[in-house]
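Working notes for the structure below.
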Amino acid sequence: MKPSTSNWKLHVRRLALLMMFLLLWEALAGGIYPLFSLLDPFYSSSPSRIGRELYILFFQENVLKDIFVTLGEAFAGLILGIVSGVALGLLFAYSELVSSTLEPFMSALNSIPRPALAPLVIFWFGIGIFSKIFLAWSLAFFVIFYNTYLGIKSIDPDILNIMRVMNASRLQIMRIVILPSVVSWIFAGLRLSVSYSLIGAIIGEFVGATVGIGYQLIYAEGLLMSDRLYALVLVVAIMGATLVELVKRIESRFLRWRPEIIL
Amino acid sequence: YVPKEETKYSVKIGNVPAITYAPTYVAIALFMDDVGINATYMAFPSGTKAREALITGEIDFASLSTVHVPIARLKDRPLKIIMSLHSREIFSLMVRSELRDVVKEVKDLKGLRLGFSAPGAGSWAFAVYFLKKAGLEPGKDVEMVAVGELSTMYTALKTGKVDAVIAWDPLTTQLMESGEAYALIDLYDPKQHVELLGEEAMSQVLVTREDFISNNPDIVERVVKAHRMALEFIKKEDARKVAEVLQPYFKGMEIALLEKVVNRIKEAIPEDGSLSESAYYADLVPLIEVGALEKSVSFEEAVDWRFVGRRP
Amino acid sequence: MEIRRQEAVVMNTECVSVEGLSVSYLSPTGRVDALRNVSFKLYDGELVTIVGPSGCGKTTLLNAIAGLLNFRKDVLMSGKIFVKNPKSIGYVFQRDALLPWRTVIENVTLGLEVRKFPEEKRKKVALDLLKMVGLEGYENKYPHELSAGMRQRVALARAIAYDPEFILMDEPLGLLDAQTRMALQDEILRIHMKTRKTILMVTHDIAEAIILGSRVLVMNSRPGSVKSEYVVKLPKPRSALGSRLDPEFNRLYRLILDDLKEDMRMGQLDLL
Amino acid sequence: MKPSTSNWKLHVRRLALLMMFLLLWEALAGGIYPLFSLLDPFYSSSPSRIGRELYILFFQENVLKDIFVTLGEAFAGLILGIVSGVALGLLFAYSELVSSTLEPFMSALNSIPRPALAPLVIFWFGIGIFSKIFLAWSLAFFVIFYNTYLGIKSIDPDILNIMRVMNASRLQIMRIVILPSVVSWIFAGLRLSVSYSLIGAIIGEFVGATVGIGYQLIYAEGLLMSDRLYALVLVVAIMGATLVELVKRIESRFLRWRPEIIL
Amino acid sequence: MEIRRQEAVVMNTECVSVEGLSVSYLSPTGRVDALRNVSFKLYDGELVTIVGPSGCGKTTLLNAIAGLLNFRKDVLMSGKIFVKNPKSIGYVFQRDALLPWRTVIENVTLGLEVRKFPEEKRKKVALDLLKMVGLEGYENKYPHELSAGMRQRVALARAIAYDPEFILMDEPLGLLDAQTRMALQDEILRIHMKTRKTILMVTHDIAEAIILGSRVLVMNSRPGSVKSEYVVKLPKPRSALGSRLDPEFNRLYRLILDDLKEDMRMGQLDLL
């Protein structure tokens, strides 16, 4: 929609900001002028140290494999989360009986700290891929669920009415009105869910793993390698940001009909 | 060298990444193949998680702190120690260097903060034990702070959030090397070990489940064999060579530091992994004394000595 | 009430009958009685118009007939409503209720889609109707890109597109300029002549009510009810311009205006 | 709005459901007829065992203190999360420059697995209450932030226009239009945030704590006390559900103007 | 164009002037030229009405004058717009744009709140206006509890409430029945006489345009522009009913209708 020049500028702006931040960090950590160092590089690391660690991770240790494993787990959890979240959201919206009865149970479940579930998760799902997918799902699901459910409550009632007059079936109403109406809510949820499914997969790997970013994190932490810890955290952050940007691309396709708001 | 075994078995072995488990790493790196075992290694962020995975059958063997076995047995989870991997207790009581002039012995910790990993873990039990021995009441005279695993422990100590920690390697070595902290208690010092726990302890052990032993005695036999070969290897070869074998498992760690740590723990690597009753109880006493264990679990119950033999 | 149902006798089947309908809205801010004891009948193929003061319950009445009030919890309803074929109703809402995420053509084909017509058929019907309402070339626009009057015309096309037997219209031409309005009045007359659909139309334009309706129902307010009924005996075929010249038109216009005025005098708006 | 009888029925329904679930659980765990036991009570515990543990926790060990500590941390984090989330959401909505530049950084930050942050959190915030509040905030913030930001994008532009014609100041537009419009989005976010702030506080207590539900949880895990683990998880879940119900009460006040939708 | 600006000379200051205004909407679905080269002036105290076919750009023109198009990225604008006091504008939107979370009275007092009037003052003004538009007793209802016409009246009250110097009205009475409509036409005339506000009003009702306006601007479409201007020389004070009887009214009505029809014949809607 926007000409490509402005896109180009945007990227320059982002990059400039990132560079400034990295330079400041490097300087504070003493990487530029050693006498001027305010941060202890052990816990604050520094861009150059992280860079070196990233080099090792990517070119000597094939961290790509870990990335793909974690991504796969997160993705599976996310897809399950979307499907089940939308489905249950619809069920709750359709049935007053179900929703009023079960609502408190849903928020109770969502309040359970996932890392504390580890022993039970091992018992239920083992420490194979399923425990990771389960944890990714358990974080992604609730956002999508609540957003679907509450999104439906804000649908324009007249649009529902026109469907009823046309004698549309429940399924048609769902497909033609409800799903498109909650798309903006679902996408709002997706920005969070994508990140959460990643976090969930990694927490799952904390339960015990042979591969994956979580596995690498356990190592770095167990062996006191703070640079590597930073590098890995950075890798996860970039994964998350990339996925969310992807989601936004898809979103803009779906929401093309919506006029832009300027404040 | 033992000739390669004909039939291969696949097993899963897990632990928390730590150099005190060097025998397991060396065994996986060099000897499992020779005994006909296809070993998959699995990392856990804490011993409790590795223990849970073992109990539920997700892994077949774990190198663990001894404490986990009696805790599990008291809950009717039949884990068995099948081999000793370390004959010293690994914990050291490290104090921030700034306090060198103030804290000269354990009872000087009164009014300060002591960090340990997590309640229920070995470091907690020994923290309490050390304090009680010095006549201090944990929680009252000394504030007890759960600070998690090594990196948070290090951060907490360095930033002065705690004054002392119950540390293990590589943190202990690193703190001593850098001079950021000094050891008030160092159980790698034979004298102190004798004083607090006796001649020998059994701090790190190879563990499996009872049902696994009865169903697969052959596999257990082979895994133990590989471990014994590893013990021998570590004892015999010089630290540099051992460090080189370990390095693939400790990527990103300086080889020099690795070598230093290997040197430090070498002393504690047992000859043959045989299971000593007195060493077992030496480790158990503090746990019972501090209440981490409700009651004692007998040597006979916790240990299966058929594979490495027992000593008094 | 004036002369009652004269033409009606020649028609055979009832298409809609409303008997003693009362509707109240219950809301946290208090109860509103929107309709009280409304009764009337519509016969197959009739085009009946309704006029009445703002807020007298016209929309409520149409919603009740369309069965939409059943979906509300805050409505108290009593009386009987019979609709011959409740599965084949068209409804032009007062507020257009276009689906904002669908293009104009996708909105128009909505009913056909629900009835599972094949794609090409849908498109053909929609394009014809869009041409009729003067929106050729706008088929791929989104509703927010249209003017209010254009949206209203899309809503009109949508309600007709799937060829329902019975059409409810709530001021379908209210936002159109005089000229477009007359054109569409003629269009509605033409469609009605050709297909003999039953149409119930609410309008604020008394002239429109007379020109289009075979009967005009006049409602009064608070709570709303049908006050009188005028049978329109203008010659057929009628037309938006031509029928205005008939003396009967003027007579009825005066009558209905006075009728409404009377209500006003006793009603809420006492400014005249 | 609804007569109290229906409320009464609702509670009965919820209770009945809970009872059925508990009975089934107890039965499966062999608590009712020992021979019929499908679940190993060690891993799956059972209502009676959990009940006993709860009794011990409340009457012998004063778990209330832990509850209040954790609640306090979570609440502080939540409040900070709401305030900062709404503020930053507004900033992003107001400034295209800020939002387009910073959006990927926000999703990157949100993708960081919080448990892996522990060493840095201790470094930055120590092991006192601040590290817990920080973690609670870090989970609560993003939901509120995204919901505010995306909620603003779905405001009816005509309502903004009427304010502009009236020559309202930016502040007035914010107070009169924007905040009320995003209230439904913020509340949607709150249902999640409330739970997340609890989780955040507990994750914070996993490192560097001397008290709190999180501390109790690692203790139970360390000593393999599965009944106690279940009991504590239950306590957290009930805390979460109670808080969310509270939020819903407040919400229904704010959204009284909205017509109810029936599907 | 017919006789130009005769009354205009007696008035002094310009309140609004539009010169060579062209507006296009750019959207992913294509560019739409909504206005081309529109020029006219409004003098202080005038009430000018605009009529034109649906979609010819009337709303666009009003939005441009109100300065609302500046807040859009997808609009290309050229030409000059001068508004004497842009901080004191009232605007009745075509779609009511009531704040759904505010009660009727809170909606009406919106402008007064923005101007920081004290609470009681606000309430008093609002209650008076609600009485004027016939909505006494509805002050604590929410907009979704009102009928469409009632909402429109609330919007009208809201635009007048804060006493702006210049009021834009986009079909403010479009959804009202004939009777209520006339009452409110009289009300607008009364307010205009009393306060001498400048008012620019879009309407689809040619009669309304003539009765209220001192001038009637006729627009044509695609792209929209002001085609002709009629000065209305009906005697004052005017009234919704009385002025209709004047022969001048009939003459202008015919003229304007023909004018619109001509546009239609060349325009998009060729049904007549």
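We just call them A, B, C, D and E in the order they show up, numbering each chain from 1.
Basically, contacts are C-beta pairs under 8 Å (C-beta built on N, C-alpha and C of every residue); 3 or more make two chains touch, one makes a residue touch a chain.
Remember, it's a predicted structure, so these values are computed and weren't measured experimentally.
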TODO: Tell me which chains count as touching both chain C and chain D.
DONE: A, E
Task: More contacts between chains, A-E or B-D - done: B-D
- [ ] Could you please state the distance in Å, as a whole number, between where the Cα atoms of chain D are centred and where those of chain E are centred?
- [x] 50
Task: Centre-of-Cα separation between chain B and chain A, whole angstrom - done: 37
TODO: Between chain C and chain E, tell me the centre distance in angstrom, where each centre is the average of that chain's C-alpha atoms.
DONE: 26
Task: Interface hub residues of chain B, defined as touching at least two other chains - done: 48, 56, 151, 154-155, 159
Open item on the list: Give the residues of chain A touching no fewer than two other chains, as numbers and ranges.
Closed with: 43, 118-119, 123, 160, 206, 221, 226, 229, 258-259, 262
- [ ] Any chance you could list the residues of chain C touching two or more other chains?
- [x] 71, 95, 103, 142
Task: Pairs of chains, among all present, that meet the touch criterion - done: A-B, A-C, A-D, A-E, B-D, C-D, C-E, D-E
Open item on the list: Considering only the defined contacts, which chain A positions touch chain B in the complex?
Closed with: 40, 42-43, 53, 56, 61, 118-119, 122-123, 126-128, 206-210, 215, 218-229
Task: Sites on chain E touched by chain A in the complex - done: 28, 71-74
- [ ] Enumerate the contact residues on chain B facing chain D in the complex.
- [x] 48, 51, 56, 71-72, 75-77, 115, 118-121, 124, 143-148, 151-152, 154-156, 159, 161-162, 292
Task: chain C partner contacts - residues on chain A that touch it in the complex - done: 156, 158-169, 172, 176-177, 180-181, 183, 255, 257-259
- [ ] Using the touch definition up top, name the residues of chain E that touch chain D in the complex.
- [x] 63, 66-68, 71, 86-91, 93, 95, 97, 99-103, 110-111, 113-115, 142, 144, 158, 162
